[in-house]
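Two complexes are shown next, each including chain A; its partner changes from chain B in the first to chain C in the second.
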Partner chain A sequence: MKGYAGKLLRFDLSKGRAQVQPLPEELVRDYIGGRGFVAKLLWDELPSGADPLGPENLLIIATGPLSGHLLPASGKTHFGAKSPVNGGYADANMGGHFGPALKYAGFDLVILTGRAAEPSLLVIDDGKVELRPAGDRWGMGALEAEERLKDDLGREFELLTIGPAGERKVRFACLSHDFGRQAGRCGLGAVLGSKNLKALAVRGTGSLQVHDLKGLYAKAKVAYAKIKAKPGFKGWTPEGTAGITDWVNQVGAFPTRNFQTSFFPGHRAINGRAVVERLKLTDKGCFCCPTPCGKYGHTRTSLGEAFVEGPEYESIALLGGNLELKTIEEVGYANFLCDQLGLDTISAGAVASFAMECFEKGLITEKDLGRKIAFGSLSSAAFLFDLMARREGLGDLLAEGVKIAAERIGRGSAGFAIQVKGLEWSGYECRNAPGMMLSYLTADVGAHHNRSWALGQDVAGSAASVHDLITAGGKGERMAKAKVGGQAAKVIELQHLRPLFDILGICRLQYMELGFEVVHYEDLFGLVTGRKMSWEELLKVSEKVWHLTRAFSVREVPGFGRAHDLPPARFFTEPVPTGPNQGHLLKRAELERLLDEYYAARGWDENGLPEPKTLEKVGLEDVAAALESA
Partner chain B sequence: MRITLHPDGNLRAVLTGLPPLIKLDLPGPASVREVLLRAGINPLLVVAVIRDGRTIDKDSLLSDGADLGLVGPLSGG
Partner chain C sequence: MELFADHNLCSGCRACLLACGLENFGEMTPAKAALKIQALFPAPGRYRVQLCDQCGRCAEVCPVEAITREEGVWLVDPEECTSCGTCVAECPHGVITLPREDEPAIKCTLCGACVEICPRDVFSWREGPLKEMGQ
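Moving on to the complex of A and B:
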């Protein structure tokens, strides 16, 4: 089993017992790694109906075959569990060094079950696994806990920590690593907290076998050179993902004021250039990465100062425009607070903006909160983050996420609770972007951008033609109303392509941002594992996993179907009020048409449930049978 | 003057048929924006323009021999 460490670690936290098994060959053969492992193991091993925050939930940590090898950006680690957000499928991914260390310690996979009797730390030191008390670290911020634990254990240990939000099972608590890298989405920090686990520490000193070491070195060297020769390399890397902030505003897709509009007039004060000029101290990259997109810096505000990694684009969107914070220093500080508290910046920004709009509309009051809150106020954001992370007062309700909070607040607030399947919407406003909208509606975990990102195609479809621009003297800032229909095929293609990187255990940004050709990944996979699989064959595995994650949600979420694939009413009842997409929206009927087209192309029924023949066609006969008998 | 453009994979993904290398001969000074239009590319679809390893503004004036990398639409992290 070349390329893999070859072992699976199961740890029952209730019993404090480790069990080491060989990595199942059929799991490797059929699901390859990472997200594939997570989806298959959740389907097979999670007791149906398990409480996501109960001891029976699994927290799975999975590397891929390319993780930890000396090739570009191979530092990815995948995590999965039954979702504390919606009870369906959940996963999240992070960069850094944790996955490589895990493989060097001898494990491709870790499956955590049960619940520790006291706040604990799980230490994996090469082959030795030990559960230790961590009561003295409970209550610490995620960044602080990482620092203290490195002091305790040794700087060479790689840490995964949670903050107070994870300890209190906030449904958008994240997993934190390397002082600023997070597996942010889906509340997996709450799952770790529910298991009474403050942290995992890994030290690995072993090595990995590959099929063709000489060939791999040669190919990896070529890959690095090709990436560095890409047109975007020197332009993209200095600002990282923050570099797209201006463009997303120019095309009218920037979340602003709880997604009330899609253009933030102050975007130049919080863009990538502002990060570099006002915050950045150094670039920060993940394991073996040639394009370090992390920007480690320092921020100083009226509330305090801090060292912080980022903010990257999504944090700028949700903490910047969406809260209307006016300076990059303020956005950076809000980012730091979320990191320390262990909150996903995307969801925390969305929940805070939802609360601010509720306050403006009188749905929550000064009496409820003990103070006023407002858009544009860093102190309001900081107050809300702390309140929700500690579940104090109204924070206990906000800690459930915008969907549940809106259900309890009522009075029309669900219409501006910006989420799908309970997961708060990330950084792209879509009222004139049908492909991106469909991507959000159908992403398996909820409103997340990293399964399919179709905004480029949407803009190409709505932007003025070159002929019109020339005849208008170069003007053409306004976007035309998008044509709805024909987006499903592209979205499906992307939903297989982007998650494939999470299966392989490698970063997608070199492909997505720089255009590094996919054929190289096919070659690297063969050199590492000795398996000959074409990119198309690898995509077939990703397609199977997509159907499997849907089936998992069908099995676990009562009544799961089409209703779970719809956005909040704001997006189909309120035209965009300002910016390049002013006046546009997607009507409810257009959204339904998009879903019809998508379900048909997927081989799902009109309620969005996979047809048995579709599951059988991709090799999920057992899944089809299980759903039919349920 | 002669201008060379290198559209990246993201730009070519949204403008199907765009070649990876474009050479243009123009009669006189032109801005990046004008050059893009001459190449049939809506400037809105270009997220960043790279010259000599640095991003430049689309209103920048170009001189003979300019060699530009064009970065198409790309997502956040």
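Moving on to the complex of A and C:
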């Protein structure tokens, strides 16, 4: 098993007991790593019907075969659990240095079960694993806790922490690492909090076994040189993901005012250039990344000042346009508050914008909150973040996310609770982007963009790299109504391609943003592991995983099906009021057509459930049998 | 020739640490690297690169004379080194280390692997003694 550390660590927090076992060969053969490990282990080991915030849920930490090696952007770590958002499949990943450290400590995988008797810290120091009391760190911000724990343990430890939001099981609490990296989505911070675990600390000083060490070293040099020669190396890297802000605006896809519209006139004050010119102190890269998208800086606002990593594009979209914050300093400060409280910036921004719209419509009042709130107000955003992270007053309801909050508030608020499967929508408005809309509707975890990002195809009709799209520019002119139909094949292709990087344990941005060719990854996989697998064969594994995560949600969520794949009514009843896509929407019948085509292409039935023969075809015979007998 | 590092260009990716371990020890590990990246976060929010400037202090203090100079570069003889740690305690830059028990000390061989791999061009060769730019 070259390329892997070779061991799996199980830790039962209830008993305080570690169990180390060899990494199962079948698991490696059939699921490769990262997201593949998460999906297979959740299917096999999670007790069906488990409470996502109960001790029986698993929190899985998985690296991939390419994680931690000298090759471009090998710093990804994958996390998974039964979703606190919707009870179905959940995963999230982050960059940084945590996963590589875990491998150098000897572990590819960690499975946490149970619940610690008191607030605790799990320390993995090479082969030694120890659960320690951490009551003195409970209640601390996620960034503050990381700093204190590094002081306690040594700066060479890599930390994973939660903030007050995770401790209070806020359904969009994130996992934090390296002073600004997060596994943000799906509320995995709440799962860690439910296990009474404030943090994990890892130090690894071992070596990784590689199939062809010399060959890999030579290939790594070539890979870095090729990436450096890409136009996007100098064009895209300086601003990172924030560099796409203007383009998204110009093509009318920028979430604005709780997704009421898709164009924010003030975008130039919060774009990538603003990040670099007004906030940035240094580029901050993940492990072995040649193109650091992380911009670490310092911000000053009327509410205070702070060091903050970012804001990256998603935070700009959800805290900037969506809350109508006016300056990059304000967006940066809102980003810092979320990071410290341990809130996912995407969901926290969407929940805050939902609350602001409720307030405008009189569904939430000054009496409920003790003050007024409004779009464009940093103090309103800060007030709401604190309220939801601490579950105080109305914050206790907001902490459940927009879907549950809207169900309780009622009076039409579900129509503008911007989510799919309970997960708040990330940074691309889609009323004239059918491929991107279909991507959001069918992403396994809910309304997240990272499984398939089809906006480029919707707008430019090609598979251009993001750098190419930004360089070509958005015209800002009125967009023609996009043709609806025929998007399924491209979305499915992307849903196998992008998550494959999450299986391998590396970042996709060098491919996506710069156009670094996939053939290099095929070579790197062979040199590291010694397995001869073509990119097409690797994609087949990713396809199998896609069906498996769907099957998991079918098993765990009562009545799961087509109704879980629909957007809020805003997107099929309210035409975009301003900007390049003014007047456009996707009618309900158009959405149904997108889903019909997608289900047919997937081999799922009309309700979106995988057909037994489809599961059997991709090698999931046991899953087909289990679903049929349920 | 001396190695030169521009701290302001470093983004903390640690590719240099892996290249150092591969080039000098044939191992994939950031633990066996003869340079260090200090990540100064949350404040002041920057990286510092610690490099060996071939000052020779390690050789001066070595009780078994395991560190000798060849063509201007101080090299550890792994056969002679007793892993006593005297040099580690005395190194002014903290870049001679004993990453593992019972293995010899490791120090910079001026091989240039870090210069070659760094995607950010942090490292360069300069005439004269090591200098540092930035903070």
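Note that in this section the second predicted complex is superposed on the first by the 614 of 630 C-alpha atoms of A that agree within 3 Å, B and C clash if a C-alpha of one lies under 4 Å from a C-alpha of the other, contacts with A are read in each partner's own complex, and residues count from 1 in each chain.
As a working rule, a residue touches a chain if its C-beta (ideal position, glycine included) is under 8 Å from a C-beta of that chain, and two chains touch if they have at least 3 such contacts.
Model, not experiment: these values are computed from the prediction.
S.K.: In the overlaid three-chain picture, which partner chain does A:Phe287 touch, first (chain B) or second (chain C), both, or neither?
M.R.: second
S.K.: Applying the touch criterion given at the start, work out whether A:Leu122 contacts chain B, chain C, both or neither, answering first, second, both or neither.
M.R.: After superposition on chain A, A:Leu122 lies in contact with neither partner.
S.K.: Is A:Ala464 contacted by the first partner chain B, the second partner chain C, both or neither?
M.R.: After superposition on chain A, A:Ala464 lies in contact with chain B alone.
S.K.: Is A:Lys234 in contact with chain B, with chain C, with both, or with neither (first, second, both, neither)?
M.R.: Touch partner of A:Lys234: chain B, not chain C.
S.K.: Kindly classify A:His449 by the partners it touches after superposition: chain B alone (first), chain C alone (second), both, or neither?
M.R.: In the superposed model, A:His449 contacts chain B only, not chain C.
S.K.: Kindly classify A:Gly515 by the partners it touches after superposition: chain B alone (first), chain C alone (second), both, or neither?
M.R.: first
S.K.: Considering each complex separately, which residues of chain A are in contact with chain B in the first and with chain C in the second?
M.R.: The answer is that chain A has no such residue.
S.K.: For a test of understanding, state which residues of chain C touch chain A in their complex under the given definition.
M.R.: Its residues touching chain A are 8, 10-15, 18-19, 21-23, 26-32, 38-39, 41-47, 99-100, 116-117, 119-120.
S.K.: Sort out for me which residues of chain A touch chain C in the complex.
M.R.: So the residues of chain A touching chain C come out as 68-70, 97, 100, 104, 143, 147, 155, 178-180, 204-210, 213, 216-217, 220-221, 224, 227-228, 281-292, 294, 296-298, 307.
S.K.: Could you pull out which chain B residues touch chain A in their complex?
M.R.: Within the complex, chain B contacts chain A at residues 6-10, 12-15, 33-34, 37, 40-45, 47-50, 53-55, 69-77.
S.K.: Considering the complex alone, what residue numbers of chain A touch chain B?
M.R.: 230-232, 234-236, 240-241, 243-244, 247, 250-251, 293, 312-314, 317, 426-427, 449-450, 453, 455-457, 459-460, 463-466, 469-470, 474, 476, 509, 512-515, 517
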